[in-house]
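Before anything else, here is the set of structures, which you'll find just below.
Next come two complexes, and both contain subunit A; in the first it sits with subunit B, in the second with subunit C.
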Partner chain A sequence: MSSIAEASLNDLDGIRAPRFPRKPKGITGRSIAIIVFLSICAAFFCVPLYVIITTSFKTMDQIRQGDIFSLPAPFTIDAWWSAWDNACSGITCTGLKVGFFNSLAILFPSLVLSITLSAVTGYALALWNVRWAGGFLFVLFICAFVPFQIIMIPLIILSSGLKVYGTVWGIALVHAVLAMPILTLIFRNYYKGIPQEIMSAAMMDSGSFWRIFREIILPMSGNILIVVLILQITSIWNDFLLGLTFGGLGTQPMSVVLANVVITTTGVAAYNENMAAALETAIPPLVIYFVLGRFFVQGITAGAIKG
Partner chain B sequence: MAIRWSRWSPQFALAPAVAITVVAFIGAIVWTIWLSFTASKRFPDYTLQADIWKQYTRLFKDAGWQIALKNLLILGVGSFLAIVFGFILAALIDREKRGEGIFRTIFLYPLAVSLIVTGIAWRWMFNPSFGVQHFLHSIGLTGLNFDWLSKGETAMYGIILATVWQGSGFYMALMLSGLKSINSEIWSAAKLDGVSFWRLYAEIIIPMMKFTFLTCAILLSLGVVKAYDIVVAMTNGGPGQATWVPAYFTINAYWVKSNLGYASAAAVIMLLITSAIFLPLVLLTAWRERSREARA
Partner chain C sequence: MPRVQFEDIIKTYGRVTVLKNLDLAIDDGEFLVLLGPSGCGKTTLLNLLAGLLDVTAGRISIGGKDVTDLDPKDRGLAMVFQSYALYPTKTVRGNLKFGLAAHKLDAAETERRIGWAAKLLQIEALLDRKPAQLSGGQRQRVAIGRALVKKVGVFLFDEPLSNLDAKLRTEMRLEIKKLHDDLKSTIVYVTHDQIEAMTMATKIAVMDAGVIQQFGTPDEIYSRPANLFVAGFIGSPAMNLRPATIAIAGGKVAARSAGVDLDLTNYPYVTRPVDGQDVVIGLRPEHFGEPGASVPDPAGMFSLPVQYTEKTGGDATAYLKFGDSLIATRVDPEQIGRFKQGDTIQIAFPQGKAHVFDAQTGRWL
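Up next is the complex of A and B:
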């Protein structure tokens, strides 16, 4: 802070800046105003996170004193453990751990299915001469934005017919189906950028659809695979509606268990346990965000606007 | 690329995606539309009703549905704050490059948090006995009221606040990439001409970013129609029916009322609303494509 103040002082009383500075240096008053404003906004963005973190480490006695912004004293991790191990939703008191493992069991098959399917589809649409590709892409573009409710009931009926309704496999399958249009569009846009010469050379060489995909295209898709992977991991992990609709007793993903623990509690609410539960659910995507932020941002913007 | 013997492989590879599109999307939509014309209760019954519009006439007389539509409008208008806020943040970050990385990271992190967790966090802050309200009163600001969720008139504003908190970063990211694509000569030209800060934005930058703004507006509207998780997490529709939205209404009609036909009718209206928003997006994409070609 002191260096900022110093710099601004220099700017005020010292050397006059040239009329048309090539490269404005030092900090102006406007810069300080902007940084202060942005910092206030940043503080506002951090308040909820601060509150849930501190609340999760407090005792219920301290919470009842009613100072939501105080630091935990005494500091305890009991709430974290009980949220994980024995928090109650309804009459079952098995905590979030069941949901955590269900979420993992949903995540893996669903990632493999959705990414394989959309990568191959995107590749075929982008680099091969399929006459109806344009029309199909348009249909996919529309499908990507359809509200879930309009296809919910038929999907429930269909998945019951396939005997996967209420299982983690069913949830994973529905995730893969629903993600297919948007992921295909993302892959297709990426593959469209591959130079024509590479494809022509590959054609001369083997001309086999699957060989070109395996030996040339796949090694070139490292970047887009990471972006899509992160997009899918966070959206599957954070999903609530699909898990709620297609999950049965004991197969619900973590977010649904969390909602059950926090929202449908009767009797005295354990706020510290609730906040610990919320944080435990939020940690995996947050870790991905803070570690791989660049890819995360690319993923969500690609997922939202490309098409 | 007319190599004969590999002509069928791409078509074959596309078969699963086509099957999914035809069955799970197109087929399912037609299926739901059909169901909305029937009197299906708990289980599907495919005989059409004598008056096929019966579910719809009932729907629009339903007080809960009227509330849901009204709330959709409120949420839509309120959430536009996220775009405005996102643009302001993006413009400031873009102008003052210092700390760009840190600010971006902070403004975007809520996006990695699910709406259920967001809702739970804000619901706790809105808690009347131990939340922010209590804190404000304890430091003497007894006139302030932050107990929004427990009253029907203010509960939607609580949901809007949480939505804006979660979504602003996303619009900031979109705006920031829009701003960065603006030719840097424009900034220096404006500086040389002595164009004022406000005029520069109002008359040059914002008109140049009209595509970005439109895209943001459409994406936001599509998201608002889908809003469900945040409502469940914050109010679960309450108090009473005060925070019902169409997505909530539809799920409720299916799971709580076990009324398949009725839920289908509500879902069809949701689809119509989405299409009404979506059509401009299609036109926008076409327009953009055309202007890009015109430039090339």
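Up next is the complex of A and C:
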């Protein structure tokens, strides 16, 4: 064995066999314990997921046999299609697709509104001399910790006064407003990390609030925009309470429609359809995670910006 | 008419006073270096001039125009920062272009100026690169370029060379000096490095504790330091400062320190010394010499033990024990090998080279 190791090392150009070769690290008892523990943790999440996925591809006949761990036989995507197209929520049997498009219609305006406003506010608070900035930050901080339930009723009254209650715009607006405090704090802290001298240079070169934001600060915000985007998409898509209380008939987001589909049972509970509906609702944020996840880690670990 | 004038500037942060009733006038075309240790207020003064900080009280004027309440971009200044402060997402060209953001020039003139600055600083080949792809020296050139394109009368430099390695620093020092000679613009340059100050400045303002201790040409500051602070700050190794007592006997004036007399009869006193007056004498390391040949008519002779020696290529310094402290003397690097620790050597200090300061006020006598 040692001769093989030496031979392979001798193949390297210009390096002679090391006089002090290092021993390869073996598997220790400690690492076995960690692996076992992590496997249990993984199983905790993976087993229910396995059941949901397999059930969604089964026929009702196979489900009735009661073996929840069996693989689908025959394999069918009927349940996925019917959950999307014609599952019944209450008396309307149009599936999840209405909710999906409602969710999109809520998502985009509230993303644009909340991210634009909080980025500009964060930029102003972090890099410009704003009067009462400290007090304003404190209020924001407090607001970020007020539970939605406390202000739900006043918000409903306010939004009906603004004639947006029960519309997708209303839900989008409330989402944007509720996200503002925390997003502003996130942007503000990120922009605080921009070196003071860059801002000073920009003040001497241009001095224009909007031009500095557009040309200097915004291009440097890529990472934090991704973080905020993921945070917002996930929280808006997965929200249930706000959609339930602010959504009218036909303007409910996907999560609310999903709940209605699962609750509405005529005759037998269609487990395969319910599971498929749950998975369909969960897919959009998952896609976002897979596409943007790499940037997400970069974004939350990027503290200082190097020149 | 002075181009840049500070009148009775006061700057406080809460209860901390950074600048105390400061007056300073900089003539057109001057290369002024603000020199001082960390925290002396020199960068604050520069930022006040730039408009990045507001004065607590006082007036700043540029070219006769009061700019105290103007925005930075309206003051007709350009600034180069210590960390270069290049915009990381813009190319070099974009950086230079943004330097003209407040100037409202047409595209052709913008291009012409970028081309001119790039040629002058030899960064033409780098115009389409991002700052992250440049070396420290190149970034420094781009930062200077971003200031040059504005074609203003006054340039501000905030310790621009302190992030460069020693070799590059020497190169850039010469280049900035050359730029000043070519462009004939006024430069205000902040540094804590006395070599930079001595080599580049036409005028130096030595600052300490928010006060300008001395304002003058590099030669004046070196050969006639106004007070103890300037004497101790300028020069490397630093001037040897020793407490002494004036002894006047038979028309001869001498300073007595640790049993050694230094003849000061021909010293150009500003105020007449009194017998028994406490003073501080300042002796530059390079003025010491061997008795006899190099110092034929010594003002004082010292016989002191060697504590340790330092050799830096072309220079050598011997530290000698004098009373309870050390004095530094410049010695011939060829000869330094002879000096062993504990050996007692004879050195002489020539006539007319000593500085005398009042021990109470610290002023030059």
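Following the convention adopted for this analysis, the second predicted complex is superposed on the first by the 263 of 307 C-alpha atoms of A that agree within 3 Å, B and C clash if a C-alpha of one lies under 4 Å from a C-alpha of the other, contacts with A are read in each partner's own complex, and residues count from 1 in each chain.
Please note the rule applied: a contact is a pair of C-beta atoms (placed from the backbone, for glycine too) under 8 Å apart; a residue touches a chain by one contact, two chains touch by 3 or more.
From a predicted model like this one, the values you see are computed outputs, not experimental measurements.
Among subunit B and subunit C, the chain that touches a larger number of residues in subunit A is B.
Of the two partner chains placed by the overlay, neither subunit B nor subunit C lies in contact with A:74.
Applying the stated contact rule after C-alpha superposition, one finds that A:197 touches subunit C and leaves subunit B untouched.
In the superposed model, A:209 makes contact with subunit B only, not with subunit C.
Of the two partner chains placed by superposition, A:161 touches none, neither subunit B nor subunit C. By the touch criterion defined above, A:220 lies against subunit C but remains apart from subunit B after alignment on the C-alpha atoms of chain A. In the superposed model, A:238 lies in contact with subunit B only, and not with subunit C. Shared interface residues of subunit A (contacting subunit B in one complex, subunit C in the other): 200, 203, 207-208, 305, 307.
Across the complex, subunit C meets subunit A through its residues 47, 50-52, 71-74, 77-79, 81-90, 98-102, 131-132, 139, 146. Residues of subunit B touching subunit A in their complex: 1-3, 5-6, 9-11, 13-14, 16-18, 20-21, 23-29, 31-32, 35, 44, 89, 92-93, 95-96, 98-99, 102-118, 120-122, 124-125, 127, 129-132, 134-135, 138, 165, 169-170, 173-174, 177, 192, 215, 219, 222, 225-226, 228-229, 232-233, 236, 247, 250-251, 254, 260, 263-264, 266-268, 270-271, 274, 278, 281-282, 285.
The residues of subunit A lying in touch with subunit B in their complex are 20, 31, 34-35, 37-38, 41-42, 44-49, 51-52, 55, 63-64, 66-69, 117-118, 120-121, 123-125, 128-130, 136, 139-143, 145-155, 157-158, 177, 180-181, 184, 199-200, 203, 207-210, 234, 237-241, 245, 255, 258-259, 262-263, 271, 274-275, 278-279, 281-282, 285-286, 288-290, 293, 296-297, 300-301, 304-305, 307.
Within the complex formed with subunit C, the residues of subunit A that make contact are 195, 197-198, 200-208, 211, 215-216, 219-220, 305-307.
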